[in-house]
Amino acid sequence: MSKEEEFVEIVKQKFPDVSVVIKENKWGRKRVWINVPRESFRDFMKFLREYDEDAHYSIAIGEDVGEAIDFSIHFLLKYEDAPAISLIVKTSVPKDDPVLPDISDIFPISLQFEREVMEMIGIDFENAPDKRRLFLPDDFPEGIYPLRLDDKGIPEEMVKNAGHPYLLRRGE
Amino acid sequence: MKLIYAILGLVALYIYVSIMSLLFAGIDRKLVARMQRRIGPPILQPFYDFLKLVSKETIIPNTANFMFRAAPLLMLATTIALLAYTPLGFAPIFATKGDIIVFIYLLTLADFFLVVGVMSSGSPYGRIGASREVAMLVSREPAMMLGVFTVMWGISKLGVQKPFSLSSLYEHNIWELGPMAWVAGAILIYVFMAWLASEIEAGFFNIPEAEQEIAEGTLVEYSGRYLAIIKLAESMKEFIAASLVVAVLFPWQLDMPGIQGYIANLLIHTLKVFIVLFVAKTIFRTVTGRLKISQAVNLLWTRVFAASVIGALILAMGVSL
Amino acid sequence: MTKKVEYWVKIPFGPIHPGLEEPEKFILTLDGERIVSVDVKLGYNLRGIQWIAMRRNYVQIMYLAERICGICSFSHNHTYVRAVEEMAGIEVPERAEYIRVIIGELERIHSHLLNLGVVGHDIGYDTVLHLTWLAREKVMDVLEAITGNRVNYSMMTIGGVRRDIEEKHKRLLLEMIKYYREVLPQIEDVFLHDSTIEARLRDSAIIPRKLAIEMGAVGPTGRGSGVKDDARWSERLGVYPDLGIKPVMPEDVTGEKARGDIYDRMAVRIGELWQSLELIEHALDQMPEGKIKTFPKDNVLVAKLKILGDGEGIGRYEAPRGELVHYVKGKKGRDGPVRWKMREPTFPNIFAIAKGLEGNQLADVVVGIASIDPCLSCTDRVAVIKDGKKFILTEKDLLRLSIKKTREINPDIKGDPTPAGVGCSRGVLL
């Protein structure tokens, strides 16, 4: 059994309601994609920390998919010998209640990614110890989230165009 | 009448020393650049810098008080006063009995005015730079003072006109005091060269001043005319400090009478100063980086001061026996 | 009983500082010369790249990804292309993989030599800076001969590389490797055995192993603290396993156990320089013949991606500074991705060093920050504070103000860059 299959077995035993898929790409690299509902998100993170103490948290991605907001995290587990387990954990929150539990006591670097997602997409991480802005300047208006595709995104008058051909073609 | 000649001589010396020290700064930059496989600026570059700085606008921060503007002038005035007591190939102009103390006092006072000027600018970076300068100032003077006083005491035993004066270095010198003095002389060469490097602040000791990488140094708030005056005063102080080292350790001169004697001795002295500064500034600067302040203070107290104590003891024993 | 009163001072370090290369602000709380805590504030260079990318297609985003960073531009390009290839299921010919390895390793040599010089400069050792940057000229000459540019070489495309390596380039590469085999022992001697460098770099800005794992430190920063991870090795990327890659740890270079200080990170970089030379030699020997692109024309590529681009893909690669991750999500029928997100390696490293600097002296701040090799990519806006009010300048204002100032300094200047039209000279043609 390869490392990924062992891991998937243990996950299926502990968390029967998550959906687990192993995908393999054209040059033979396997990745494990897991979808976790919001309620078991924090317990899953604690389980990952116990499974491998040196788990490496790579990137956290927030995404606007219409009615809901997706939040994915990429982990790297068991990397003492090649190849390591590449794991992507996805969870989804509805747009009228965008709240997720904060995991920065389990993975301390997660706090910075949460700050970025909070200001760019608008998910609120409750109990986060630091909710300041990370990249946007302090006088950026509240309630406008730059990466949303709906009405809370950047309105047209905030875009100061320097003469790019796309927008010029629209006659600005 | 003698007073008028002395003051004219002082003014002439001031012009000569400022030109020579700026010229050496240019030669030094060119040599360092060649050692780093670059081409480097032209030799007269410090003169161009001085003229350019004098013509730029001077910006004074809001939080500065009157000492900020007064400090550069006081520093330059102290350095000119210092010239009157410097051995430049001949006995200093205003030499009197015990003027070594005045020399050391004025040398430290010039640095002190710089520290006060920087601190009164109100910038936090300047405060950090000033505190480092004071730490180094306190750590480097004792070694030199101990060495110089022992040498002076040894020489005054041989019978001189004005004991404990810098002019006595031209009547007898350290190498005449017997074989134990030669051993002590070798140790004192190390002590004086280390002192010179930390006075010029080159190489290991480039900590308070041009530390633009780390805390933007002591000169961060000065601009325009004041910066030009401070740079000129610092160049002259380098020359004077090197003159002291040359006078204590290598004081052999010609014995020609009259005004040609003075000029010839001055030129020989300048050449010796250039060689000493080449070793202590150019080579040292190219071959090493800078240390942290705690490491530099540690080095000055444990190595240089200890060597100075040992050298002084050996010299004292050699003289009294 | 006397109470001990401590005076803590808060000093801003940056955003504009002679010791930093990019604008970032560190607020240091100092107690005399000892650092108590460091707070990081980013966002001085924010360009809004993700927002722009939502409105472009796959090939345009490739050009955008190159320009995120100047010196690891090939790495960003490479990772984005791998993510798209994984998502769309495109296969890459083998010769293209070998060429990717060669250019990637050349970029790594370039970047590591630059960083060695910068660390030398920050400890006041200018001779090291000038001589290391002199050695860097050779790599830039070779890169210019192969790709046409010294810094931003756009060699990648989705499904292969753009230009081929011919016989004359091979000769140049072998000459360069011979030159570096003579120069690198001298560099190694300076960085591992010189007294100033040992006094300054040993035992300063230590990041212990536990902190490195918690903060997710990557690259030479993480490996210098003992975390054995290299994205090319743990990902089995491309043809790297055939060339014999393994992570370089400080024990291989210095012979002692890793302590996590600046000296160890420099040792890792020097070890990686040696490894890159070997990898280039092996790749040149083993490179097969064949074509270099899957889709020879760009418009064919865009049309095929519209059909094939469905799903999600992750690309991971080891940039000179650490592990670089890109995420691409595409939908069938769109000519651009739905979402693109990248995480550059300096992001966790900066927070790791901010905690690692506590307890050190002020003089270690600049060297510590230079030792993680900062290369940020965020947004940009200019704010002016005048009479207590803040207003934002746009590009047109900046252009107008700089023209006015130039005319003040030199009234008979001849050129006139005032834009005719809406602000971009191309706007006139449209």
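Each chain carries a letter (A, B and C) given by its place in the written order, and its residues are counted from 1.
Definition applied: contacts are C-beta pairs under 8 Å (C-beta built on N, C-alpha and C of every residue); 3 or more make two chains touch, one makes a residue touch a chain.
Since the model is a prediction, treat every value here as computed from it, not as a measurement.
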Outermost chain relative to chain B, judged by CA means, is A
Argmin over chains of |mean CA - global mean CA| returns C
Whole-Å distance, C-alpha centre of chain A to that of chain C, is 23
Cα centroid separation, chain B vs chain C, in Å, comes to 45
Taking each chain's mean CA coordinate, chain A and chain B are separated, in whole Å, by 62
Where chain C touches two or more other chains simultaneously, the residues are none
Per the touch rule, the chain C residues reaching chain B in their complex are 9, 11, 17-19, 33, 120-128, 130-131, 134, 195-197, 199-200, 361-366
Note: in the complex, chain A contacts chain C through residues 25-29, 31, 33, 53-54, 56-59, 61, 63, 72, 74, 76, 79-80, 82-84, 86, 88, 107-109, 112, 120, 133-137, 139, 146-147, 149, 154, 160-166, 168-169, 172
Chain C residues touching chain A in their complex are 42-43, 46, 48, 50-51, 54-55, 85-86, 89-91, 213-216, 218, 227-229, 233-236, 238, 241, 312-314, 316, 323, 325, 327, 329, 338-339, 341-343, 347-348, 351, 378-379, 381, 383, 390, 394-396, 419, 421-427, 430
Residue set of chain B touching chain C in the complex reads 35-38, 124-125, 128, 131, 204, 206-207, 211-216, 286-295
